[in-house]
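After this come two complexes, each holding chain A, first together with chain B and then together with chain C.
Moving on, here comes the complex of A and B:
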């Protein structure tokens, strides 16, 4: 078995035995179970509101998981000196890092599948109280959850990149949170500065914003909540483009993270 | 440095270090030379003790050998492969200083993790894990998560994980650290057994008695520079000029006397003539601790 699989399996074992993760999943389940209750506050759009609550609960859970697992997994190994024993084995550093990333991605995917299933049950229960005119579009709902998973896997790649650089947990945690906030706003900001209402802005500012737009991730592309909530048809071309964007961006981040970790010293 | 004892080792050393230097910047941006032009050749089947005070450069050397840090200059090879290549560690058993392992795993799971990293099959891992846990007296803790282990147990598990794949080369950073006398005796016996099997063992320590007991050669490093490399037997016995005589007299009293090599014959004859029973003649060799302290003190002068 090569280093990648060895690290992946060990990291997954660690995640599965982590009590903080158990508590987090418990909290997410509680939110989803309570989603039908929250949605009863809206007499007309119970299904829409329960879908919104469910998707938000999944998104919040995956955000915390991505930042925590992505930011802490390498950082904790360095901080607790696990790296002294693990990197003393014939495991290339790139395999070590990719194994960690794969473990985080598996946890994020599994969590979204599990919570997605619970959400479906929850939305159906909520909808049964006040039957809607239009039933939930299952394909859109699943696509929204899948896109949400990809968004947080991409964010966890950022967290891993930061933890491969930093000796402190501040950069992995707060750096990836900053990327998350900025990445959620880039699309709107670039649309504003290129629109007619921003003609008074200087060219240098517009160029800077455009530069940042291409540098920072565009998380808006992964947001299919509206399509899931209101049953708006999905564009296959758009989905493929988003998936391609995810693959390219994540690969670049991981390449950079591997390069940084390979050069890093562990005194 | 006694260079001939370094060169006396067979030319194809399993650990070859040439001109190794490591410089880094401290937090105050001052340049620190942790290691200066280290040359060392350790041959097959040799047990080599790397002695030095705290901060002398022992762990820096080991971290370079195990790929955790990069040298500023020079080169290092394990079994003919450069240490920057992770594949050189395929025939290495490495115990870090004060080791810590994934504490959410049990001892058996950790050994499986290590075994798989070395490409061993699960059936072989199971068999070898049982053997090495038995050897290090850890069978009772095999299924327990390591977070409940004492420091000594972690240290012994650290040794167990170096043995599981039966490598040719062992690098131990302070292997006796944190062990009780029983554990220390176990480790010393383990190293002696490895020597009997023809394995190469390189270990750092600052406990001279351990080196004296189990090593073939010793290297002394002080302030980042290798100051001496000698055979332990040469240090302990080779410089013997004096002998301690234990003579029991008629009234039952035992007189101890230290005599020089020149006077030894005369003293023995006299003791015999005086009808005293000559009980023991012990060569008074140089103690390794004295040897080590002499070197350290000379450097500090």
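Moving on, here comes the complex of A and C:
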């Protein structure tokens, strides 16, 4: 078994034993179980509200997991000097980092599949209280959850990149949160500065915003919540472009993270 | 033992505080309950992919707030709601999630009758129609608002036509014909309110629609009585009580909002309950 798999399995075992992770999943499950109750507050769209609550609960859970697992996993190993023993073995540093990333990605995907299944049950219970005009589009719902998982896997790659650079957990945790917020806003901001209502803005500001738009991740592409909640048709072209974007952007981040970790000196 | 006593003491202290705190919060001013809503464009930037739940929570906040106002109205106690703040919040919610039906339904329920913001509501409904292109309710509401509040029958016909096309249901064109036939008549309002009552799920909103319908029915009864009086005696009655004395109606109907019906100088039926004047007898003509 090569180093990548060794690290992946060891990291997965560590994550599964993590009590914070258990508590987080418990909280998410509680939210999903309560979603049909929350949705009764709606006047005209009970099923849609339960879908909204379910997708938000999944999204928030994956956000915390991506930041926590991605930001803490390498930093904790360095802090506890585990890296000294692990990297003393004939395992390349890149395998160590990619193994960690794969473990985080597996946890994020498994969590979204599990919570997605619970959400489906929850939405169906809500819909039985007040039959909707349009039933839930299962394909759109699954696509929204899959896109959400990809978004947070990409974010966890950012957290690992920051982990490979930083000596404390501040940069991995708060840096990832900043990237999350910025990535959610880039599309809106660039549409504003290139729109007719921003003609008074200077060219240098517009150029800077455009530069940041291409540099920062664009999380708007991964947001399929409207399609899932209201059954709006999905664009196959958009899905393929988003998936391609995810693969290329994540690979670039991981390459950069491997490069940084390879040059880092450990205590 | 000491620990148990300390625990019991703290629990007792908590109960002693939490009850008056709850009472205090229930009594706080309504505008404090609704609070301030930041600009929707700013909210969109910081929502971080949570804009659908944010929009729904904003709409629910306004619904709950308006629910407390309706409770006061049901108890015949006039409370002026923060309409501006409510509409701003609802507009922001519609920008964050333009598909959310709760937002449009609530705007139609709360901002047309008492406030007379039919033009603004139709603007919001137009915004919704661009997104909810499968939903006949939005053009139906807009069509009613155009005909009843704004007396803009061309727009009303277009909206009703759209509702009929979207739903494939000719009921909307029939309704449109009825609305136009009864243009300016309280019967048009009653027909619309009956439709809304059948569709209402929220008990407070349903009650509000029922109160409005009851006012319109009462006005309708009195207007018919006044017309009968004029026809039979060749002059207008000076007081509504004359309708009872002359046997044209059995008794004066009650205003569900707690007011008293009376005839004004021009012989029109009015009510003393301030907030139903516009609703009951003088549909808004738009701005």
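Here is the rule we go by: the second predicted complex is superposed on the first by the 266 of 267 C-alpha atoms of A that agree within 3 Å, B and C clash if a C-alpha of one lies under 4 Å from a C-alpha of the other, contacts with A are read in each partner's own complex, and residues count from 1 in each chain.
Here is the rule we use: a contact is a pair of C-beta atoms (placed from the backbone, for glycine too) under 8 Å apart; a residue touches a chain by one contact, two chains touch by 3 or more.
Please read these numbers as outputs of a predicted model, since none were measured by experiment.
Peer 1: For the three-chain model obtained by superposing on chain A, do chain B and chain C clash or fit?
Peer 2: Fit: chain B and chain C sit side by side once superposed on chain A.
Peer 1: Regarding the shared-chain residue A:130, is it in contact with chain B (first), chain C (second), both, or neither?
Peer 2: It touches chain C, and chain B stays clear.
Peer 1: Determine, under the contact definition given at the top, whether A:107 touches first (chain B), second (chain C), both, or neither.
Peer 2: After superposition on chain A, A:107 lies in contact with neither partner.
Peer 1: Looking at the overlay, what does A:55 touch: chain B (first), chain C (second), both, or neither?
Peer 2: It touches chain C, and chain B stays clear.
Peer 1: Which partner does A:28 contact after superposing on A: first (chain B), second (chain C), both, neither?
Peer 2: neither
Peer 1: Thinking of the overlay built on chain A, is A:97 touched by chain B (first), by chain C (second), by both, or by neither?
Peer 2: neither
Peer 1: Between the C-alpha centres of chain B and chain C, what angle is found at the C-alpha centre of chain A, to the nearest 10 degrees?
Peer 2: 150
Peer 1: Is A:253 contacted by the first partner chain B, the second partner chain C, both or neither?
Peer 2: The answer is neither, since A:253 touches no partner chain.
Peer 1: Closest pair of CA atoms, one in chain B and one in chain C, after superposing: how far apart in Å?
Peer 2: Checking C-alpha atoms only, chain B sits 31 Å from chain C at its nearest point.
Peer 1: Intersection of chain A residues contacting chain B with those contacting chain C?
Peer 2: Common interface on chain A, chain B vs chain C: nothing in common.
Peer 1: Quick one: in the complex, what on chain C touches chain A?
Peer 2: These residues of chain C touch chain A: 41, 44-50, 52-53, 56, 60, 63, 97, 99-102, 105-106, 132, 134-135, 200-202, 205.
Peer 1: Would you tell me which residues of chain A are touching chain B in their complex?
Peer 2: Interface residues on chain A, with respect to chain B: 1-3, 5-6, 9-10, 13-14, 17-18, 80-85, 87-93, 265-267.
Peer 1: Any idea which chain B residues touch chain A in the complex?
Peer 2: Going by the criterion above, the answer is residues 24, 63, 66-70, 86-90, 92, 94, 96-102, 104-105, 109, 113-114, 116-119, 158, 161.
Peer 1: What part of chain A is in contact with chain C in the complex they form?
Peer 2: 41-45, 48-49, 52-53, 55-56, 59-60, 130, 133-134, 151, 180-181, 184-185, 188-189, 192, 219, 222-223, 225-226, 229-230, 232
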